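Some structures to go through are shown next.
Both complexes shown next keep subunit A, but they swap its partner, so subunit B is in the first and subunit C is in the second.
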Partner chain A sequence: MTRSQIQAAVVELLSITVGRPIAPSESVTRDSEPSWDSLKHVELILMLEEQFAVQFSEKEMAALRSSGEIVQAIEEKNAT
Partner chain B sequence: MTITNTIEDEVRSAPSVKRADLLRLIEPPGLSPIHLRVHRNYAFELIGSVLPPFLWMAGLKPIVAYGDYDDTLTFSQIDPAAVQIISLDFERYGEQAYSAEFRNWFAGRLENLRVKNHGPIIVSNWPSESPNAGRFNLELEKIADRLPSVFVWETVEIFRKMRTEFFDERVAVAKGTRLSNSACIELARSLGLIRLPSALLPRIKAVAVDLDNTLYEGVLGEDSVEGIHISAGHGAIYKELLRLREEGVFLAILSKNDERDFVELCQRRRDFLLKPEHFSAISIGWQTKSEGLVRIAEQLHIGVDSILVVDDNSGEIAQIRTGHVNTPLLHSRSPEQTLFWLRHYPALNGYRANSATPLRISDLKASRQRDLLRVSASGTDYLREMQIELTYALNSMSSRGRLAELSQKTTQFNTGLRRFSEVEVARRLEAPGHCTISISMRDRFCDSGIIGAIFARMDGDRLLIEEVSVSCRALGRNVESPMIALALSPVIDRYGLRDVSFLFRKGPRNLPAHMWLTSFTGVPDIADGSFTSVAWEKISQRDICLSAPVAYRWEQITG
Partner chain C sequence: MQHSINLTCIRYRLRPVALDDAPFIVALRMDPLLNRYLHEISPRVVDQISWIERYFLRPEDYYFIVEDADSGEPHGAIGIYEVAKDASGAEWGRWILKRGSMAALESAWLIYEVGFSKLQLTSLSCRTLVDNPGIVSFHDSFGASRIAVLERHFIVRGDTRPAIEHRINVAEWPVLRARHYCTVSRLARRAYQ
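Up next, the complex of A and B:
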């Protein structure tokens, strides 16, 4: 899976999570998105795990706070 | 509601559906809002967020309110009319939960909630195969039977199917639950498609199935009896249909075919487990499916909107939908898909059996024999030859579920159109000055069980009759007036009452009730929406009714 494919899929899942369309180039962070609360974050992680067949630890879950960090974490998991 | 082969229906029936696929589905218009209050000690939100796409299938839009995590079930936030859902992670209680004391405490909390709220209560059981969980679940079943409108949400079954996939302890603390993502989705599916619809909606009364490419692969008229293919999946459908029949759901055939071919199929193919006698109505011919459906409804004495039609042909499905917009439809695409929806179609499964359930099918057969008798006899001769026996009970708590069902579901003979929930019926049964009479009927052809209910209360020397409900199955035997007069007479005598006062409300289908009330009271202008009072002595048909040739007895006249 290429970085742009991962990016597109992450953006789509994030838009489901926050309930609004997100442009591919838009950078979304938990701090800037009030509806991205802790429960939505768990739901997003579950969807990412389903979509990319990866698993996140509790520490990794807590560290993922923006669309960019999520894309990077998935790339790293795919590489290993 | 129609289940076709849309992507949405595939998503909802997929064995391993993804959370994102469910959350992408778009809410359909025209749903009825339903308020749910969740009492929990874990993050039920992961079930709640994927519940709507399943409940939409039943035409319901959930509005979910969550209390704080509460192991002690204080029920500090209660909406009296909302559906209450109690879902606990019992492992959080440790060894405490193994004791009889815990089970008693839990029963007490349910009783407390029952008093505070009059909506249905859904309580999840303990998803574990440990003996302690088994004991708890058994006790929970007993409590649910004892309390009105308390329903057990069968999570153990899902646990058994998923086994090691059910829990995911990996990030349990961060998620707020030990349930795995896939378990949350399966739980939402069972709650949304089965548990909640069965607690809230009247049951679908019949399943009308097509033949070709639905109950087997092939076309009977072209491929012949030997040429059609019956797979293991079709066999599973037959068993599922027979299970539904055992539960009191009528089976019917709705097919464009030659009936002789169908009879030959039943006789010659031993792997075709369904037989003509399993079907309470058969419409096989060359009329439109809409017309055939109406014929089936007439044969079964039910409305077309309480028959689920299963058909492989999308054109036929569309044709029925055009003529009967409220008829539930299932587009049969494959045996597996059909089997799934027979097990999960909202308002078809998950219902508690009551005393009337197994009697419906035999009663329908008997009604055909009664029709023949009616042709040869008339008036009192007919009543006498029917050998009718009525059994009355006053304020019988064990019948509360059936009494509520009668007030809610019958439509031709409801005088007041009062719709009492099971909880309201239970409260009336215990309330001073209230009389609720159940009426059971048996005749020479069969036992019909409880077929009538009278909901009344005393007001000075008047008996205010808020509702008389008679099942459609009991109508047409010319026994309504004697049946009701014989029920009221001892109550009036016992309490020294003078007048009877009937509430009448006009509904879309209760013209027979209006006609009966006019004839029974002798009052020609029964007003809509108010009580019509008559002195009991002046009931025009009273003496004729009380001396009608029917046998009767009181089973319970206390309370």
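Up next, the complex of A and C:
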């Protein structure tokens, strides 16, 4: 899976999470998006894990605070 | 009050607060990242011990430590108070979890379960500072209804701020209980894999 494919899928799931359309180029962070709360974060992570067949540790889950960090983390997991 | 309610969900449990928990509570409440939206408390452990001793004497006040169900490691605190005389409703709050804790969903689930299953309440409300949008959103996402905006409700660092009140009624709980238990189970399954 290419970075742009991962990015597109992350943006799609993130749009569901925050309840608004997100542009592929848009950088979204938990701090800038109040509706990305801790409950929705858990739901997002579970969706990402299912979609990309990866698993995040609890430490990693807590550290993922932006769309860019999520894309990077999935890329790294896919590479290993 | 000195209650004896213990309740475990999957990975976390609620147990009654004890005097020995005072240093942990003070450490949490003194963390600048965690206390931004909370009433200030004294930084002295002895004052927290006195507070807990007074709490023991207050009827219908249920204060808990959120802890890891396996290791007993404390993750935070949470409570139910302002219980109506006819048990028709109460407020929950004093909710604080240490940095990086994943106990938010399970501890919220547990406090509603205590309120509805153990205390037989008909509704549970919580009040959140409007300046704390992440937690306001959490209650929305959890399925609680926004009931009111309470002007001048909180005093935080000398400033009077409004609160948003959310509520869940007992009739709504079975559906929300099942929905969130499902998420908690999925999360727990991964942790034990």
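Observations on the structure shown:
We take it that the second predicted complex is superposed on the first by the 80 of 80 C-alpha atoms of A that agree within 3 Å, B and C clash if a C-alpha of one lies under 4 Å from a C-alpha of the other, contacts with A are read in each partner's own complex, and residues count from 1 in each chain.
Methods note: a contact is a pair of C-beta atoms (placed from the backbone, for glycine too) under 8 Å apart; a residue touches a chain by one contact, two chains touch by 3 or more.
Bear in mind the structure is a predicted one, so any value in this text is a computation, not a measurement.
Of the two partner chains placed by the overlay, only subunit B lies in contact with A:Ile16; subunit C stays clear of it. Once the two complexes are overlaid on the shared chain, A:Leu46 sits against subunit B and subunit C alike.
Of the two partner chains, subunit B and subunit C are each touched by A:Ala62.
Of the two partner chains placed by superposition, only subunit C is touched by A:Asp37; subunit B is not. Shared interface residues of subunit A, touching subunit B in one complex and subunit C in the other, are 39, 42-43, 46, 49, 55, 58, 61-62. Of all residues in subunit A, only 30, 34-40, 42-43, 46, 49, 55, 58-59, 61-62 touch subunit C in the complex they form. Those residues of subunit C that touch subunit A in the complex are listed here as 100, 102, 104-105, 133-138, 140-142, 183, 186-187, 190-191, 193.
Interface residues of subunit B, counted against subunit A in their complex, comprise 18-20, 23-24, 43, 45-46, 49, 170-171, 173-176, 181.
Considering their complex, residues 13, 16, 39, 42-43, 45-47, 49-51, 55-58, 61-62 of subunit A touch subunit B.
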